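Labels for the chains are A, B, C and D, by order of writing; each one numbers its residues from 1.
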Amino acid sequence: MSKTDVSRRGLLKTSAVAGAGLAVPTIFTAQSAAAFTNNPTGGTVTLGFNVPQTGPYADEGADELRAYQLAVEHLNGEGDGGMLNTFSSKALEGSGIMGKKVEYVTGDTQTKSDAARASAKSMIEKDGAIMITGGSSSGVAVAVQGLCQEAGVIFMAGLTHSNDTTGKDKKANGFRHFFNAYMSGAALAPVLKNLYGDDRKAYHLTADYTWGWTQEESIKAATEALGWETVNTVKTPLAATDFSSYIAPVLNSGADVLVLNHYGGNMVNSLTNAVQFGLREKEVNGKNFEIVVPLYSRLMAKGAGENVKGIHGSTNWHWSLQDEGSKAFVRSFGTKYGFPPSQAAHTCYVQTLLYADAVQRAGSFNPCAVAEALEDFEFDGMGNGKTLYRGEDHQCFKDVLVVRGKENPTSEFDLLEVVEVTPRAQVEYPADHPMFAGGQLGSCNPGA
Amino acid sequence: MDAFLLQILNGLDKGSAYALIALGLTLIFGTLGVVNFAHGALFMIGAFCAVTLQKIFSLSFETVDPEKTDFLGNPLKVKTPYVESWFGPEFGGAIIDWSVPLAILFAIPIMVAVGFIMERGLIKHFYKRPHADQILVTFGLAIVLQEVIKYFYGANPIPTPAPDTLNGVANLGAVIGMDLIYPVWRIVYFCFACLIIGAVFAFLQFTTFGMVVRAGMADRETVGLLGINIDRRFTIMFGIAAAVAGLAGVMYTPINSPNYHMGMDFLVLSFVVVVVGGMGSLPGAVLAGFVLGVLESFASMEWAISLIPGINQIIIYLVAIIILLVRPRGLMGRKGVMED
Amino acid sequence: MSILEVKNVGKRFGGLQALSDVNLSVKENSVHAIIGPNGAGKSTLLNCLVGKLIPDTGSVMFDGQSVLGRAPYEINQMGISRVFQTPEIFGDLTVLENMMIPCLAKRDGAFELNAIASVMSQRDILDKAEAMLLEMNMAEKRHMHAASLSRGDKRRLEIGMCLSQEPRLLLLDEPTAGMARADTNNTIDLLKQISDQRNITIAIIEHDMHVVFSLANRITVLAQGTPLVEDDPENIRGNPKVREAYLGETA
Amino acid sequence: MFGLDKRDTTLLLIVAGLTIFAPFLLNPFPTDSGLAQFNAGYPDLMQRFVIFGIFAIGFNILFGLTGYLSFGHAAFLGVGSYSAVWMFKLLSMNVLPAIILSVIISGLFALVIGFISLRRSGIYFSILTLAFAQMSFSLAYSVLTPITNGETGLQLTLDDPRVLGVSATADGSIPVTNLFGMEMRSTYHLIVGPWDFQFNMGYYLCALVMIAAFYLSIRIFRSPFGMMLRAVKSNQQRMNYTGLNSKPYTLAAFVISGMYAGLAGGLMASMDPLAGAERMQWTASGEVVLMTILGGAGTLIGPVLGAGFIKYFENIFSKINDNVLHGWFSFLPDGLEDFVVFIIHPFIGKGWHLTLGILFMLVVIYLPGGLVEGGQRIGNWFKGRKKSDAHQSKTNPAE
């Protein structure tokens, strides 16, 4: 059997035309080799948005989906254009991608690697999606990235923070705009030093799975470089809901900083529990006890309520940023949906635009051409200052935000305030940094 | 030493939640002979009673503050809860602040009603069906309830803090000259659980109603022969069990922000608790709840993890397996319950 | 020659001495009835014979081998079949299937992973089961669900299932309890026929004196956990001790 | 034929026909028509249909025949997947050794867990299996990460030390799974007018395996062993007093059904070389329970139908969104259209869990025999409502 997984859609159109002309069904055997998977030959191009629609991250997924819909509107020249107006590359003109109208299909990752791969496959095989994007956990991102590499389509990662996504598990067809655990550490460390001094004893609680470990490793390295001492690191089960038995030992450990390497429901609960145990009012070694949540998100902050006040952490982006790009995006998003976008929405929106722009510049939907256009592409006007898509590992390098839970929020969205914008230079690292070692990008796969 | 005492407290606190859920589960099983996989969902509905009441109290009208602007640069709409405008900011604010304890009153009628509807509408038809069918239909119900809650409240956890005065920590060790700091609300939760457990036992022990129910648990047919309408009493017991689970949920909300899948999180655990305690034994369920809570806390201590890596992940299941193999009827199970 | 020898068997439940010093000898090819008032320990004794209970003291020998400590299925494979007070049959299976299972157990032993061959290809088993159904007068009901049979039919099916195992000893636990008179008489006839035509020893626990005296050729009277007397039916009928302990009250 | 009676042969041939012609049957709508989204004939979903079919068939051998409700069967599927992926990593990309190993390993795993769990019955058995599966899941997600790669799932990498084969292909990508050179992912498109039918190598391998698994399950159902298993469900007491030892029977059933699950896991990994820990979670075990009950526990074809039904729901039904709904109801006046969409909205798209839960409850309440019973009832209704004992016995799985 020959390898004939070629563009169905293309053949479909031609055969439909042929069938109409001959008025008898014509049987085509797909031998005419197209160059790559799902080459869009009609007037439209289909993107695949793979986000959690069910399960605990459904709300985050819903926000991602809103951003995607907005991005599609802007690409097709509807709405106010959003960041297209501020984007440094002017290749896109609001007439779709390379003149083709952008359409999309959605899938539900359920925040499970299996389900995410299944829905991505369905979008590729059934709906002819040329690019897959989205997701809100690193496990899913790595799994789907692997799939896209095999299938020969581009994967534009959504929210994924683990070092592995562009480290050990990086793939030639996968690109990440979101920042990572190393960058969180590098951005947070100087701020923490300014705020809390260089003589601190840190206690880590870490979600017991890959992302948690890479974050713990990164934060530990960054803070130890400041002179902090790591008193202890404890792994907590993913399924844990009550963290009291992990918080209690912190009280008498001699530590004066608690680092919570948790995300989602875990983070909401562990932070709530930590505050319950009076850690924030506690004094140890003559210093105020502090809690740090290295990866912050507004949706999580909302879940934790009052407890986030004064707690520091890092995010990829925040809607209160005052640069033109951010303002334009918040304006379009807020006008359409009535509330400001989350960082997940931002990264997804930007990823879609970046992909479209790369196609436009490359002049081809071929994944290899797109990848080439994205590699070492430097741009601005997307909300994080001057940004570089590094070719060696497909990671974006840009400014990282250090934020703090706001003491006096003026609205239900106004939960975090930006403490510092850590410049890109400070969070950069060589591609062969030991925390990212072990994987190979491989070569780009156009499929077919 | 302190560390151990603290973990015992933590264990008792976790155990309170387990015990309350398991108590209701056992009441239903003991009286109606039904294995209710939707019991975790009742716990979750209880928690969302608190969320709902908080939302009701926080219902607000909007006034435009021209001085300030919102994120789009439009004039900021300031929300003022109705209760604050009616009762003044101080008293109104206090009402919102105390919405979780107040939700107890709100939740009792709702939970009892939910219990009645569940029993009369669904469970009733499953008394004579095999246990597997009961498990399956209540499992389906649990999925439905959780999806309904998710539809209305979203997937994100919703913060429901305890009243400010109960939000701090207390030094329990002060009396014995030790430093034993513990969150006030968790102490409240433990006391509340003891109170409820005591009330249920007292109710079964000292009221005629309770005596009939106990007799019915021991031998349903005989009691039926006495001409007592045991079914109606059992329906009421189902309502009580639902209320117990619901109250456990209401009071749990400040400890962890409630979300739609908290019921499923607790379901497996509470079944393990019931089985370890012994199917059908009320004291067994309570005892097992506390024992498993304490064991779980101990297993999360460092020495335990360094001894057996991953023990904190599996302790509950491990205990369940061992108990079931060594003492098939659980800690305090009666003979002949669910043995075929 | 006795096929079942019970010697000095005692069994205690907590504070209750259910059986003490029970001696019993069942002769081959006899119909031996064990009677006694409620709570005399009849069922406990029976359970000790089939492996459900293990006596605290004494021995139970079947055909020269001890049954103590063996699981019920092992004892059954030795040649003891039991008929329950309420018929225990496979309600979800058809009558024919019910009859085939004991035939398979007889042929293949306690466990056989015979997972590929078709049941319908087991000619010997089918023939044997069909023959037994004919004998039990149930051939036309072979495709019915066993659960939908009448009480009397269930009883006959159960007895048939036990017989198709070709046991050496058939234990019956109040086989006519709760039956209408006609069903009872049918069952008596069936049992008579079995004991006449087959090389089978029957031990029967029974309340109904009509059944006992119609069938038994040896009777043991049990009272308060010990045998009061063992004798022929005629002598039991006339025994004043028995009348006092048992017959007097119920007759 | 094949040692089956006429009815079973017909059933087998129907199932074989359906699976072989699935690429046509599941793609009834032209690709650019509005109904194209209901097409399920693409390789990934077709593979899932048959793989979960195998899983459910195996589960049914345990639950349908013996009545032992295992809430931990997904663990065997997970173990099978891990074994297969390790085989790809270490030995060769040929799927055959991988599948064989996954069946063996999950069989051994089932033997151990079954040996312990089967010491208890009823709900105690369910809780024991649940506990074992949850333990496997928790450990796979965390402590056992060196073996399972935890959260991300076990994947192939470019530097796998493959003994028989290369670590990476000449063009720098990971080699693909194959059966003696026939690549699992290769797909042949047959384009007939506006229709596009996809014939995927991997699907046909899975389909053949499923037909074989289905055939084997018919043989087991009709065998003396199968009859004994039904006897276990019906009356264990009578079984023990008929000289039969029920323990080895149930254990054998448990191991066989564990091996079916391992086979499904191995195939899943062969189609898509990744093994995630969530595969072992108790909710995943709950899913196969749903499939079996929905289709009809104890019936031959039921589990296959149930598996197809749920997977269709998960992958196709879940994609219907409001836009699609508005399209359907656009013939209604505006206000009414919005109202109808508003009413239906919670049940479709991402609300598919809700619909599934309701359907499941309805089936348990009204159709204990599942879809198969539903089909029979409809059939009987058409035959003129001849309700009699004969029909009763038809619902009996053994007939």
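Everything below uses one rule, namely that a contact is a pair of C-beta atoms (placed from the backbone, for glycine too) under 8 Å apart; a residue touches a chain by one contact, two chains touch by 3 or more.
These numbers were taken from a predicted model, which means no experiment stands behind them.
Peer 1: Give the chains in contact with both chain A and chain D, ordered by label.
Peer 2: Touching chain A as well as chain D, we find B.
Peer 1: Show which chains lie in contact with chain C and also with chain D.
Peer 2: none
Peer 1: By mean C-alpha coordinates, which chain is most distant from chain A?
Peer 2: So the chain farthest away from chain A turns out to be C.
Peer 1: If you average the C-alpha positions per chain, which one ends up nearest the average over all of them?
Peer 2: Measuring from the global C-alpha mean, the nearest chain centre belongs to D.
Peer 1: What whole-Å value do you get for the distance between chain A and chain B if each is reduced to the mean of its CA atoms?
Peer 2: The computed centroid separation for chain A versus chain B comes out at 36 Å.
Peer 1: Take the average of all CA coordinates in chain A, do the same for chain C, and state the distance between these two points in whole angstrom.
Peer 2: 74
Peer 1: For chain B and chain C, what's the span in angstrom between their mean Cα positions?
Peer 2: So the centre of chain B lies 52 Å away from the centre of chain C.
Peer 1: Specify, in ascending order, the residues of chain B that touch 2 or more different other chains.
Peer 2: Only 313 qualify.
Peer 1: Which residue numbers or ranges of chain A touch two or more of the other chains?
Peer 2: Chain A, residues with two or more chain partners: 58, 208, 235, 237, 239.
Peer 1: List, in ascending order, every residue of chain D touching at least 2 other chains.
Peer 2: In chain D, 138, 142-143, 353 touch at least two other chains.
Peer 1: Can you give me every chain pair that touches, using the contact definition above?
Peer 2: A-B, A-D, B-D, C-D
Peer 1: If you look only at chain B, which of its residues touch chain A in the complex?
Peer 2: 2-3, 6-7, 9-11, 13-14, 17, 68, 70-72, 76, 150, 154-161, 167-169, 179, 181-183, 185-186, 254-257, 259, 261-262, 265-266, 296-297, 300-302, 305, 312-313
Peer 1: For the complex, which residues does chain C have touching chain D?
Peer 2: Residues of chain C touching chain D: 50, 71-73, 76-77, 81-82, 84, 88-94, 97, 100-102, 104-106, 108-122, 125, 143-145, 148, 161, 165.
Peer 1: Which bits of chain A are touching chain B when the two form their complex?
Peer 2: Residues of chain A touching chain B: 55-60, 208, 232, 234-237, 239, 241-242, 244-246, 248-249, 251-252, 265, 268-269, 272-273, 276-278, 281, 299, 302-307, 319-320, 330-331, 334-335, 340, 410-411, 413-414.
Peer 1: Quick one: which bits of chain D touch chain B in the complex? Just the residue numbers, please.
Peer 2: By the definition above, chain D touches chain B via 67, 69, 116, 119-124, 126-128, 130-132, 134-135, 138-139, 142-144, 236, 282-283, 286, 289, 293, 346, 351, 353-354, 356-358, 360-361, 364-365, 368.
Peer 1: Applying the document's contact rule, which stretches of chain A touch chain D when the two form their complex?
Peer 2: Those in contact with chain D are residues 1-6, 8-9, 11-12, 15-16, 19, 25-30, 53-54, 58, 105-108, 112-115, 117-119, 121-122, 125-126, 137-139, 142-143, 146-147, 149-150, 164, 169, 172, 208-211, 235, 237-239, 439-440, 442-443, 445.
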